[in-house]
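Below, chain A partners chain B and then partners chain C, in two separate complexes.
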Partner chain A sequence: MANETQKVFDTGQPVLSIDGLNVSYPVYGEDPVQAVRDLDLHIQPGEIVGLVGESGSGKTTLARSVMGLLVQPGRVDTGTIQFDGKDLRALPEKQLRAVRGKDIAMVIPNPRSELDPLVTVGRQISNVARAHLGIKRDEADQMAMDMLNAVQIPDPDRRFKAYPHELSGGMAQRVVMAISLVCSPKFVISDDATSGLDVTVQAQVLDLLRALVRSHNTAMLFITRDIGITAHFCDRVAVIYAGEIVEIAPMQSFFENPMHPYSVMLLAAFAHNPTLRAKWHKPLASAAPAHGGACAYAGRCVHAEDHCRQNSAELRELAPGHLVRCHFPVERPL
Partner chain B sequence: MSSVLDVSGLVKHFPIAGQRAVVQAVNDISFHVKKGETLSLVGESGSGKTTVGRCVLGLIQQTAGVIDFQGETIGKRRNVRSRDLRGKMALVFQEPAESLDPRVRVADTIGEPLRSRGVSRENRRRRIAEIAKRVGLSDATLDQFPAELSAGQQQRVGIARAIVTDPELIVLDEPTSALDPTARAEIIDLLIRLQKEFDTAYLFISHDLSTVRYLSHRVAVMYLGMIVEQGTANEIFSNPRHPYSVGLLSSVLLPNPKLKREVSVDLTGEIPSPIDLPKGCYLAGRCPFATDQCHKEMPPIEDLGNGHLVQCHHFREALKGHEALDYFDEFQAQTEQLLEAGRRSTGTVAGQTK
Partner chain C sequence: MRVLRYIGRRMLFIVPQLVGIVLVSFLLVKMIPGDPAVMMVGPMASAETLAKLRTELGLDGSIMYQFWIYLTNLVQGDLGTSWQTTRPVLNDLFVRFPATLELITLSLLLALLIGIPLGVAAAYFRRSVVKKFSDYYGLLAGALPDFWLGMILIYFFYTIFQIAPAPLGRIGFAVMTPSPVTNFLIIDCILEGNWQALWSTLGHLILPVVTLGVITAGPILKMTQSTMERMLESDFIRYADMCGLPKSVVIRQAFRNSLPSIVTIVSVLYGFLVGGAVLVEIVFSWGGAGQYAVQGVLNADINPVLGFVLFSAVLSLIIYLIVDLIYFAIDPRIRG
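Take a look at the complex of A and B:
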């Protein structure tokens, strides 16, 4: 990873503001499943925010809500999503389509299923540019070629005319990145985009993505299950559990002083130390997160007390920019 | 200690329809696994790890080479399907959900290997209950269907099915890569505990190096169907001699921003096609230390002692001064320090601020 000191982002006008977002999936004959609850997230221009959570924690639902691409029957119940001064939820579909892919782009995992198998990769990139920028095919093709160069695909002249099946996984992922970035978006959502890649290729792709995003001052929400990536790639880290952000902090602060028991447990899981993990995690706790009048993590938290089971926890700022949703946050001697 | 599994000169080529060329998935590799030991095969996708696992079980027929399981040769006639070997070798799959029959209850899935060996219903029931307890599945779970379980629990079922016959060797093909970190850590602990209890040998196939570091006794690094380096886990992680091993190790991103790895070996580009393998060393096209010799001749296997084998022309000088810090050990030490020091605060309850 590029050796870069931590950037500090001012608290000016965020490029994306999510406030009080609630998303649920109705279930026939039962209460709806609340996938995202009361979520606030503000991302500054040029900032890379890592969103870490386990499967089912609401990461993808959040990303799709922002894009207006929530899978049926999911629905946004309340909350606002402001992008660049516009309320995305209030935009009619036609205008939303103009924003999507141009100002906000998404990189999804599994690049092969994202690409059209019958269209050459160069055309797939230039089609996006033509649709959004209203330019001629020649010009768009030139932009596509430039993008293939920018994502460092070897032999771009030949790859331009290649079909997706002719590419390796790493190269297909680069093409998807090129499609996302061709219109110089202001904001990119990457949903577990590197999880299918080998470690060596992943490191290369991440370095590249970071360099491209930095050079255009693009903001990014980087969704991942791998907390390791966030330590080397992101400016801020947010941990999501059961649809709630339980801890959000500048990257250095997060790794120097993780305060939520769940964050601590995620780190302990990486250290492969059973005694340490046992200190922070109930094994096999499958207790469904209880909401409403209780801390959602109480069922899995080793240190939960009656207080935790009876009172929901609020996000509190315990260090500059470091917010934690816990009644009894972890402390360490300085 | 005797070897449970002895593989020498294993070659596996897959034919391509309508062409004379073959996919050279595995090219002349040798290794052994001792009783109660874990050997990990690590490498990028397409390096032939899974093919080796399948050859070992006899699920596919090797092109050349000898595979000995407890002194007997595994091949077309004698393999995991043979009646007397059934239950002595087992396989745990990568995708827990896909490797379980969705319409079979957990208890029956676990009991299937016993049934095929003719164990009576009563004995099966007892054994299933015992194994379920060992792998941490509740009695209620046994009556459920796979779809009702979490991915971690599904993998526990997969493991239970593998150990129910008390096998000598289990091939674990990326058993944790589909799991969340917390579930992964639990499964790894379970595997280690079971190995101690049953003294089983594991052939652990993975690309997750931090897991490999934690659970392996020995490690073999694969690249394009070859084992480029093998040795004890300590040796490989603290003193890697092959440029590819170093490159692979330095690509791992540990959750600690202070442990920024120095990119001493930049493996640019991607793995070449196994259909059209380069002459000479397969890594030459990606290796920063490659010389003319590397492009012309396949390097010999050098023995560095203590079972540490490396296949590189320049292993002596290329990584000189790279007596690498074992990042995984360092990470573990730092994380332990950080997390041990942490304790739950007592005074700060919601409403009060610090």
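Take a look at the complex of A and C:
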């Protein structure tokens, strides 16, 4: 998979365009927490974009904003989310429901608690198909069965009638993939989807997901905490820190020449090179991101200078398609 | 098959459970001060009469001996005699229990009709008038005594508007009562085709059923609402939303998952109401089982009390068995 020649996506009409998105969670008696900040992201049809960041960096908030399902009391303050020419934020709830699961599907982690415990998994797949495609039960059941085959569940006839508690984590994850892909969506968001699985199962499931998405030319936003996965998986990589994209680049460019200190730190954390890790890890760093007049990463950056603490950084294109939000981009990690 | 095996195992435990219940309640009733012999012979009787009666009743034996006598009679289907009604307790209970069951079953149905839709709506529309209303309803239903509501209803609908029948029993005086078959008046009327009596029975049921139903809807409402709220926030409902399933489907899904809790609270309420409806029974002169037991306690008439406990226990065991079967039907994880 890693040796597949990297796809190049033209800059035509993106399937998903996020522009200037700001999402915040009001806190009683305090300033609201800004979870996503001035975020731009454009995804082409068929493109797989990896979104990497630590917990709390705004990955899931971004995904939920796209779905229009922010957890209370979160709200989108400004920005547009265009999907397939439609402004999702302006869409009424009922039409949004018709988009969710049909055109934009979501693959989620911990699938066993995400499935209805009282309904057989086959039915859960066909229910989604029925709701969106307006087809009869028999036809939907047949589609569900085809999907179970497509996600390579062993013994699909028996699994069709199984309840979620009777499945292993890996199988439940395949069922969730079947649900999300049954309506052939144009865009899939995978939110940390394999984090609960064993590493071996994880690899199988990811390979399968990638193959299915590729075969339908479906675009995907692949959210993960594991930067290593994105290397095999994505066409482009975006790194998010404190609600801001700090680096976004085509996969090859990113891994050959990471330029943001945070990206390098993430890569170093996964690398088996103690020198590299020691060089980029700042012990007891203040995690509190400073905004407004400072680079958000300045508090944790090993290379931060006074300039960084006084001036916020803008995204700059430093190589073709390779944008970095840093005053002093990294030239040589080691 | 699993179900049958399960029922069989449950049945095995019923007899020891019942013996335990009877023993405990026997000891408890015996601890209440008051000598039935004194009550029976009255204050003017001589000491010899009293002693003779005590011997006849077996009251001079040890308490364990008395319990043994009761148990051996019980095995032969003899629950003893009530000295107040001078009839066998079993016969009394066969009249009294259906009266109470008819009342509380209908009340619970009404309570379900009020509590479930209101609870579901309040859970779904978080910031609505319905939610406010159901909050106040739950508070009021928990705070108001049922007998008080009963008297208010009598005052308005019998005394002032004169549209409800007098609160004096289960059927009008001027109506031919149907011959007792099941002692459930509604069923007996239908069996006999006695529509006039049926009409009167239903009329007499309205006020007490509304009284108990409106109050009992409180806990059902609260349970439905809190379970539904939890379900609507659960992972699988969030996921159903992400899948874009229609609202009605999502709500139905959440409701199905709330059913076990609702069934549980209904079964608890049912068992509770068998004795708990007694104040309402008194207000409406219902002649139910609770009244029968309370009169027994007040007059040291031990057999009706024990008979009532035994009947209630059997009823509760049956209800819990049914509840377990419902769980079986709803939840594949239990069937598993």
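Everything below uses one rule, namely that the second predicted complex is superposed on the first by the 322 of 334 C-alpha atoms of A that agree within 3 Å, B and C clash if a C-alpha of one lies under 4 Å from a C-alpha of the other, contacts with A are read in each partner's own complex, and residues count from 1 in each chain.
Going forward, a contact is a pair of C-beta atoms (placed from the backbone, for glycine too) under 8 Å apart; a residue touches a chain by one contact, two chains touch by 3 or more.
The model shown is predicted, which means the values in this text are computed figures rather than measured ones.
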{"item": "Touched partner set for A:Glu54, first chain B, second chain C, both or neither", "value": "first"}
{"item": "First, second, both or neither for A:Asn110, with chain B first and chain C second", "value": "second"}
{"item": "Partner chain in contact with A:Tyr25 - chain B first, chain C second, else both or neither", "value": "neither"}
{"item": "Partner chain(s) touched by A:His327 [first = chain B, second = chain C, both, neither]", "value": "first"}
{"item": "Comparison of chain B and chain C by chain A residues contacted", "value": "B"}
{"item": "First, second, both or neither for A:Gly228, with chain B first and chain C second", "value": "first"}
{"item": "Common interface positions of chain A, toward chain B and toward chain C", "value": "none"}
{"item": "Parts of chain B lying in touch with chain A, wherever the complex brings them together", "value": "44-45, 136, 150-151, 153, 180-182, 184-186, 188-189, 207, 209-211, 213-215, 247-248, 251-258, 260-261, 267-271, 331-332, 335-336, 338-346, 348-350, 353-354"}
{"item": "Touch list for chain A against partner chain C, complex", "value": "67, 69, 96-102, 105-106, 108, 110, 113-119, 127-128, 131-132, 163, 165-166, 179-180"}
{"item": "List of chain A residues in touch with chain B within their complex", "value": "1, 3, 54-55, 154, 168-171, 198-204, 206, 225-233, 251-252, 255-256, 258, 261, 264-274, 276-277, 279-281, 283-284, 286, 303, 307, 311, 313-314, 316, 318, 327-333"}
{"item": "Residues of chain C touching chain A in the complex", "value": "234-236, 238-247, 249, 253, 256-257, 330-333, 336"}
